[in-house]
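Structure record follows, encoded as structure tokens.
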Amino acid sequence: MIDLTDVSYAYPDTDRFVLSHINLNVPAGTVAGIVGASGSGKTTLAKIISGFVPHVDGGQLEGTVVVDGATVADVTLAEAVSHVGLVIQSPFNQISGAKFTVREELAFGLENLGVAREEMAERVAEVAELLGITSLLERSPYALSGGQQQLVAIASMIIMRTPVLVMDEPTSQLDPGGTRMVFDVMSSLRDTGITLVIFEHKLEHLREHADVIHVLADHQLIASGPARSMLADPRLEEWGIGSTRFTTAARAARDRGLLAKNVELPVSLQDAVPLFEEFDAKRGA
Amino acid sequence: MATTLFDVRKSAIHRLNPVTKLIALLAIIVTVFAIPLWWVAGLIVVLVVAPAAVISGSGGRLLSLSLKILIPIILVLFIVQGLTFPGGKTVIWEWGIIDITTEGLMFALGIGSRIIVLVLASILLVLTTHPGDLMSALTERGMSPKFAYIISSTLQLIPAFRERADSILLAQQARGLSLKGSPVRRVKVMLPLLSPLVLGMFTDVEERSTAMEARAFGSTAKRTSLIPVPDTLVQRIARWLFVVLALAAVATPIALGLL
Amino acid sequence: MSSTTTTPAATNKTRNRILVAAGTVIIVATYLYLVVGQPTEIAQSSFSQSGLIAIAGYVIGAILLAMGAIHRLPTATVAMVPVAIALNIVVGQLVSVIGLPLYLDSIGTVLVSALAGPAAGVVTGILTNVIWGLTLSPIALPYAVVQVIIGVMAGYAARLGMFRLFYLAPVAGAVTGFVAAMVSAPISAFVFGGATGGGTGAIVGAFQAMGNSLLASTTLQGLLSDPLDKAITFTVVVLILAALPSRFRQRFPFVREHNVFGRKTQVVQHQTSTTEA
Amino acid sequence: MDVSFDEVSFTYPSGVEAVKRVSLDIPSGQRFAIVGQNGAGKTTLVRHLNGIFQPTSGTVHVGDWTTTGHTIAELSARVGYVFQNPDEQLFARKVIDDVAFGPKNLGFEPDRAEALVAAALERTGLTAEAQTHPHHLSLSERKRVALAAVLAMDTPVVVLDEPTTGQDEHGVRMIASIVQSLEFQGRTVIAITHDMDFCAENFERVVAMAQGEILADGTPADVFAQDAVLDTARVEAPQLARLADALGWTNRPLTVDSFVDALPAHRQ
């Protein structure tokens, strides 16, 4: 569904490549997670996949980007955005501001495309149901909590029915409650068959929702692999991404000989529980 | 949260098509300025604006908002023109070097009556029309959707920006910035306040325009709208009638040789 | 930049040029008619249609200009205009909190003109007054043309390189303020009878008492405050722009094309752009 | 410097009662954290310390001062406040000038100001970026500039509003080490945080808030042991505490070391 071949990119008026020789393949219907330290080029990569680089930002783009069968550089931005949706970091900025209720805000993109009124109403109802925001439809988008705003932002992209959705740190500005709300809807999104690319810092959540993890460091895609093994990889420390306490604790336990040498390290709570079950609860009491 | 004056009610005036109200407002303004007689303005207030205000149920707010704007203007108008009107000849009251002329007061009455109509009728429109509905109605009639976007978005952004400006003011004060001192010092204070405000706001714009493009704002398709704007045959006829009345108002004084 | 199909764009271009030209002609004609063509006795009586001509000419002219200008703006600029308008309003209020005896209510307009050009300035200018009309008081509406002129002049000042040097900006601001005062005077005189506020009304009264006509008095009153206020506005804008990172400023196509802030490395390009302007 | 809240209530002009009769004594040199979901009143409460808010009733003491008697600018000499969003305060063209803004406002001797600025840059790992425009840095680095700007003011009390949001691993570690080092200098650190692991590992006292009230006050071990409190405050326990809980352990280790140390005792 997404194919990046040997992609390098430098912003206008600079010779410094913020991304170099990126090769990335995301099969249709899967969820790809991309992790990287602050400043590693995550936002730029999100913009490349969704066509804003080079169509809006200009600059020097090498290699080919093919999304949903279309070569992004060869089509117009209008066509590119019909293949890929982009949810940006700040829900405040994702909301257009052109509309006074959530219902109309959701329809904003469809109005721009000239979709018929009856169809718009149907799609608004459907997407609101999917994300569980039906009760917010008559509220002002600016009167919502951060988490609710982010759900509206995601809904406003889903409604465009793009086969691919890119999310650039969609929970970075949310409290734990809001974060959980956003990750919960990712499960519903999976069921719709959409292809998802998530850029995220929160490793525990990523473990639960992504199929494959790609690591961005030193301007390159430096490693990739299945979610659990990649997110427990000790090299993530060197790359400034870190690891969950589940991973660190299991690693320390293994090094002290408390766990088997060949143990598969956990990333999330679900991974960790079976691993430590042999340590009896009652004895510790 | 919007910052407009819109008064949430469901009166007959509120339910009118926004374009009908807009054309009525324009016709009223054209009429009072085209026939510059104070009693014409007075009649319009009594026969058109006041009844509409009563029907709308927003009369109280209309009165308090308008008076706040009008009292200083009208007061200054009568005092300044009464005292210093260049064409003033007939002195009706004098005290030392101060004298008030009839011509000056008549001039103030003429101008003042029109300002009163302008302010009352405009505020009534704003009170009874949600800006979002006005924008949809105008976009439906061929206004560029970019205008609609800018106006609606500004109305919703102002409170957010005011909040951010406050927050910056506090953040800098918390770093020891004092607002006291000479005017020059206070101009200097503007920099640490404005620079983060501007940079932050314009950085947001970059993100926001990306998000809008992702939602096909740049599309050249003919826009549709989710919420239909209500309209009736009577209103369609009324709108043409308003236009004819306004044109008649412009022509009358010229035809009668009053000007 | 996103590409558009050529044929409709070309016809739009002609239409937009006609709109801009018509708007400009109407505004200029309105001013000349009110100032030059009007016999003084009529202008001094409330029984004349000068008020109608002032409002109608300026408002229609400003709307035509804005209609012609808005189609030229890419989405990135359209998204910037609300921020600029909010800045006009929020800074206007901040200034009164800090307690400065100025308006500084067009900082956003000047800023947007410097970064995105005169067309963006026109749209920001007219819509600032529309927003004022919707949120505060309708008496701002007849003055929309003044903000439009500030936007146009700031945009051309930017093209001419007036924002490259710290001391040129206040000069451009003073000139803009001068024009703004001249253009707004007929509205203050014929629509509001000189009574737009307590302080300004008293000054107009003083000039009339000295034997000036109403129009002359409102013009003189405007000249007392506008050039100074706009000189300070332009100075504040140039200071803000200087404090912003150059990478941020250079992201705007207008800034790059017209070399608004100057750059040692682009001397050749700089000369071509100034001759064009 | 000791700070204390005495029966402090605060109601916004809108009528929202954000803080309800809160009393707290925070002794000099304590590392003190406040947790709770957005809207719980955490930020409103700590903003009383530098006079941004004045209590509707009750009193706030900073050392021997009562905040009502002093302006924000005066209180800034005693309480340094790092706002959540660095972009709301950074304005200068160079990192070093922004960091020097506070000390200059406080009227420090040039030598002292210079030394404090250099030390703050060093501590936040920004010495190499002293001449860079703050806007050219990443969010994680900009947050550290804002922190350096407050550290350079050398205040006896430092308030951190969500210092770890938007930080990568490197940034979180650096902030943790700064919190520890402030304690060595005897300065009081008060932090609001959503990161429970950061909280459990770096603070000696935790207060959980919900709806303007204090639900629990104690060591991290005390507070994170109370399920009812965590539920009401809508916070999750630190990762390893949740693991211990899922395993049915009665004790809840909060850090990697204490968890691993507890393992042998549980071995079957």
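Per-chain residue numbering starts at 1, and chain names A, B, C and D are given in the order in which the chains are listed.
Methods note: a residue touches a chain if its C-beta (ideal position, glycine included) is under 8 Å from a C-beta of that chain, and two chains touch if they have at least 3 such contacts.
All values reported here derive from a predicted model rather than from experimental measurement.
Chain pairs B-C and A-D differ in how many C-beta pairs are in contact, and the one with more is B-C. Annotation: 19 Å between the Cα-based centres of chain B and chain C. Note: centroid distance chain A to chain D, computed from Cα atoms, is 29 Å.
Look at where the CA atoms of chain A average out and do the same for chain B: the two points lie 45 Å apart.
Spacing of chain B relative to chain D, judged by their CA centroids, is 46 angstrom.
Looking at chain C, residues 2, 76, 82, 243-244, 247-248, 251 sit in touch with two or more other chains. Counting partner chains per residue, chain B has residues 131, 149, 153, 157, 191, 193, 195, 199, 203-204, 208-209, 212-213, 217-218, 220 touching two or more of them.
Among all residues of chain A, those that touch two or more other chains are 56, 77-78, 97.
If the chains shown are joined wherever they touch, the resulting network links each chain directly to all the rest. On chain C, the positions that touch chain A within their shared complex are 1-3, 76, 82, 247, 250-251. Touching chain A in their complex are the following residues of chain B: 1-2, 130-132, 145, 148-149, 152-153, 156-157, 159-160, 204, 207-228. Every residue of chain B that touches chain C in the complex is listed here, in rising order: 3-5, 29-30, 33-34, 36-37, 69, 72-74, 76-77, 79-81, 83-87, 106-112, 114-115, 118-119, 122-123, 126, 131, 144, 146-147, 149-151, 153-155, 157-158, 161-162, 165, 169, 179, 183, 186-187, 189-191, 193-195, 197-199, 201-206, 208-209, 212-213, 217-218, 220, 250, 253, 258-259. The residues of chain D lying in touch with chain B in their complex are 47, 50, 52, 71-73, 76-77, 79-81, 83, 85, 87-92, 101-102, 104-106, 135, 149-150, 153.
Residues 47, 50, 52, 56, 77-78, 81-82, 85-86, 88-90, 92-94, 96-100, 103-104, 107-117, 120-121, 124, 140, 142-143, 153, 156-157, 160 of chain A are the ones touching chain B in the complex.
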